[in-house]
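Going in written order, the chains are labelled A, B, C and D, and every chain counts its residues from 1.
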């Protein structure tokens, strides 16, 4: 199937190809069209709107302590389990009062350790004086496996669970908190208010690849946001594509990355991060 | 494939069938062997032993409150959302101090409402003076969908997540707390001590059937025990078979049932039960 | 995550929204952005090129006869099992010498019967004097379930296995014969020459939906092209989107449709169509 | 859950264990019950009977020729691609008139090459003078991956698609031609008569394992028997267990094995075997 609406253009481009082939007869590698570039807004879906619910309230300082077999990625003291993503050096985000906060402009931070399948607990807080709207309000993200060092393209961003303030702040449904960014809308909006702590409990199954580099099985993820299921063993379609269509590229174990989004709003904070390898 | 060891017997039984067919020539319905009966111990697997871990400790009275879209099945006051499984009458388990306790001999209790896919939160406590060993120690169960009223056989028990005291109490691995009883061993043993509250967070996807009654897709379940993943979107193989091989039989929405196991040990208690339909 | 490149525009549109909301204070339904329109070429991927193989040669008149439990959709005689898609009237394609041929301009034809899961055998022939290039060369399609009568939008096209001449004719990989059109590239190119008969053996599992209209499980399809596997239980992402991103909309049993593509090349023919309900 | 019927026995065995532990206080490795042994007939299910259909008839000498990318495992001339399973030596089955026939007592034969995922075409013939009943009638099998050299136990048999004469010969449904032996009944019985050639077209996806040896994803198989779907991406539960419950054990690429079943009936023949790696 294709529709005649686009008929003239491909034919012209094929004529172009023929001429080119003639001129470069010894270079038999045919040139083929690149996919036409897209715009970000082409993959931003505002409808249907995600239902808003109120999660159960927990005492402000109640944190789920790590089980005995967990790798504690942040225990309130330091960022020794993390490094700067861009240069591999020290993670420069700010640790204070048992939490750490994005230090704008210092860049994303990644775990030193690489992971495959895991259960992850992570808590994050939107500052109570947050400003901005839509995506420009407390934007960050948890990249579940970040193979960008091993796989140079198509993207620096892979497998993101969105972090954003969506308490009384609507954005495109497939880009709000609890979404697989631009891939899968959360089942409900279970945000807590700015100033309160949000919790993600994430069960992640890494993708598997065949020897020839093709995909054997996609990544899958379950996300529980403040005790409420928002993704149920959802299939991840490939890298996190801000523009265009996601796809996969073979990689092995990879770190987890947190995003310094760099938007002009107030920086967000994290605490109580632990992980169990599965 | 089959192995000659069983050769004589089937041949004899086929001879038997031939004679029978001859004698009852007008009844063309051939009689075929029934599967040979099994014993319970044939489906009890003690090895490999499940790794024991210590879940994170929570304050004794800390309960995860229900989100705003939950159906509260027990809020500490009464069993008005439940009925006796055997006669449909009042649920006779004992409510006291915000919890309810199995009243031995009164039988299983089922929700009045029927469910399909859901997220369930349920807390349960083994009494601190529990006695007994292996399966005879605080045995109960959460039957995730109980169609036994609609489907008269093969069983009264369907899709059980085991409830049992496995704190320093070993039993067969596929029958311990967090197992899909006799179907799937939990990933780890995350029990709390008798006298402390255990929590199950369960994500259940009901089986689907075709019009002809055959299975379209099996039930699947994720179980988080005290904050620790013990079943990850695990496939359920059919009804809960204490004896023999599980299989499916077509059914629709069904209640959740809790088991009055009736063993001689002390009765267990439940609290804070809520469910979100998915 | 989002990238600041698109920052100004959403902010402006949000300002726009605020003004609009003020002016129409009694109409509380907020207006939200529509996804930006796409172009067809944005979802046409030429690379990587699909490997070309030669399928096993079969005698020209060798057809796989239907098994005893098949519904024969075309036995060489007439189109009595088919109707015109657009008006429900008689299927006007031309039957001759045991095959039928697209009668250009008469429109698509659909089976009178509706189906869910099935195994389908269908044979198709590109005329030996075919002309054109890329998509404009023997284009047609098998729409595995066509709910367009029940579901008025987003599309008239659903779940297409592409029919096209790709013997020495390259096109975008996700639009060539054996592709799930614009969704999934075939594993290999197993085309026979124009004038020879191609065979599709297709195993189709229909999507299932929840009561609320959301998707329970996507459609899946296995395609064997001339005896060679080209799709292995591949997931279908939604309707066949010539432009844009596919998605699902709840529907029930639906007919199979064959496409009168209307391109200027020679019309293609079909024979020996049978189906077994699963 | 467990039923009191088995209560006394486990308690006694636990008492036994306690005494044993006392006597061997320095050997802290607790002894646990082995699963009780089963009988073959416990996993033989005759009901419901599989529907019998008649597949499409093909000319006696019509074989599907291999595509250009196939590995031809038998082209009618010799068994050079095969070896004896038991000693690795020459495959001693008898080649004559373009087919090869089980030479009873010479043992199973395996491919020299090891495979993972593939599409397999294999033709097999029950001799026209076959005798016997139930399983004792033309019994053989295709073992889709045979890691028995790498994995010494639990079994010499793995992932079998049953080969048997079930033309007017009933046996247990999960052990007839087209079954995954003792795991999955075929959708229909599509047998051809003794003396005619049966064809299996098989799409096999190998199991994947995690580093720790646990199962990541089970093997899956689609089987088309004489052009008729009998297994649709069916899950394989583990090794082929003539007695007991199947389970998995980690392995890598493995050969395909054909069974010399050794029963007293006439030996069966094979021809036209080819495979495409996926």
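Brief remarks on what is shown
Everything below uses one rule, namely that a residue touches a chain if its C-beta (ideal position, glycine included) is under 8 Å from a C-beta of that chain, and two chains touch if they have at least 3 such contacts.
What you are looking at is a predicted structure, and each value in this text was computed from that prediction instead of being measured.
Farthest chain from chain C (centres taken as the mean of C-alpha atoms): B.
With rounding to the nearest 5, the Cα superposition of chain A on chain D corresponds to a rotation angle of 180 degrees. Put simply, the C-alpha centre of chain A and that of chain D have 43 angstrom between them.
Per-chain CA centroids place chain B at a distance of 32 Å from chain D. Rounded to whole angstrom units, the spacing between the C-alpha centres of chain C and chain D is 37.
Annotation for chain D: no residues touch 2 or more other chains. Under the stated contact rule, the graph of chain-to-chain touches is complete, every pair of chains being in contact.
Per the touch definition, chain C reaches chain B in the complex via residues 117, 208, 210, 216-217. Residues of chain C touching chain A in their complex: 1-7, 9-11, 14, 30, 32-47, 49, 133-136, 139-141, 157, 160, 162, 170, 172, 175, 181, 235, 240, 242-245, 259, 261-263.
If you check the complex, the residues on chain B that touch chain A are 51, 53-59, 62, 64-69, 119, 121, 187-188, 190, 201, 203, 205, 220, 222, 224, 226-229, 232-233, 276, 278.
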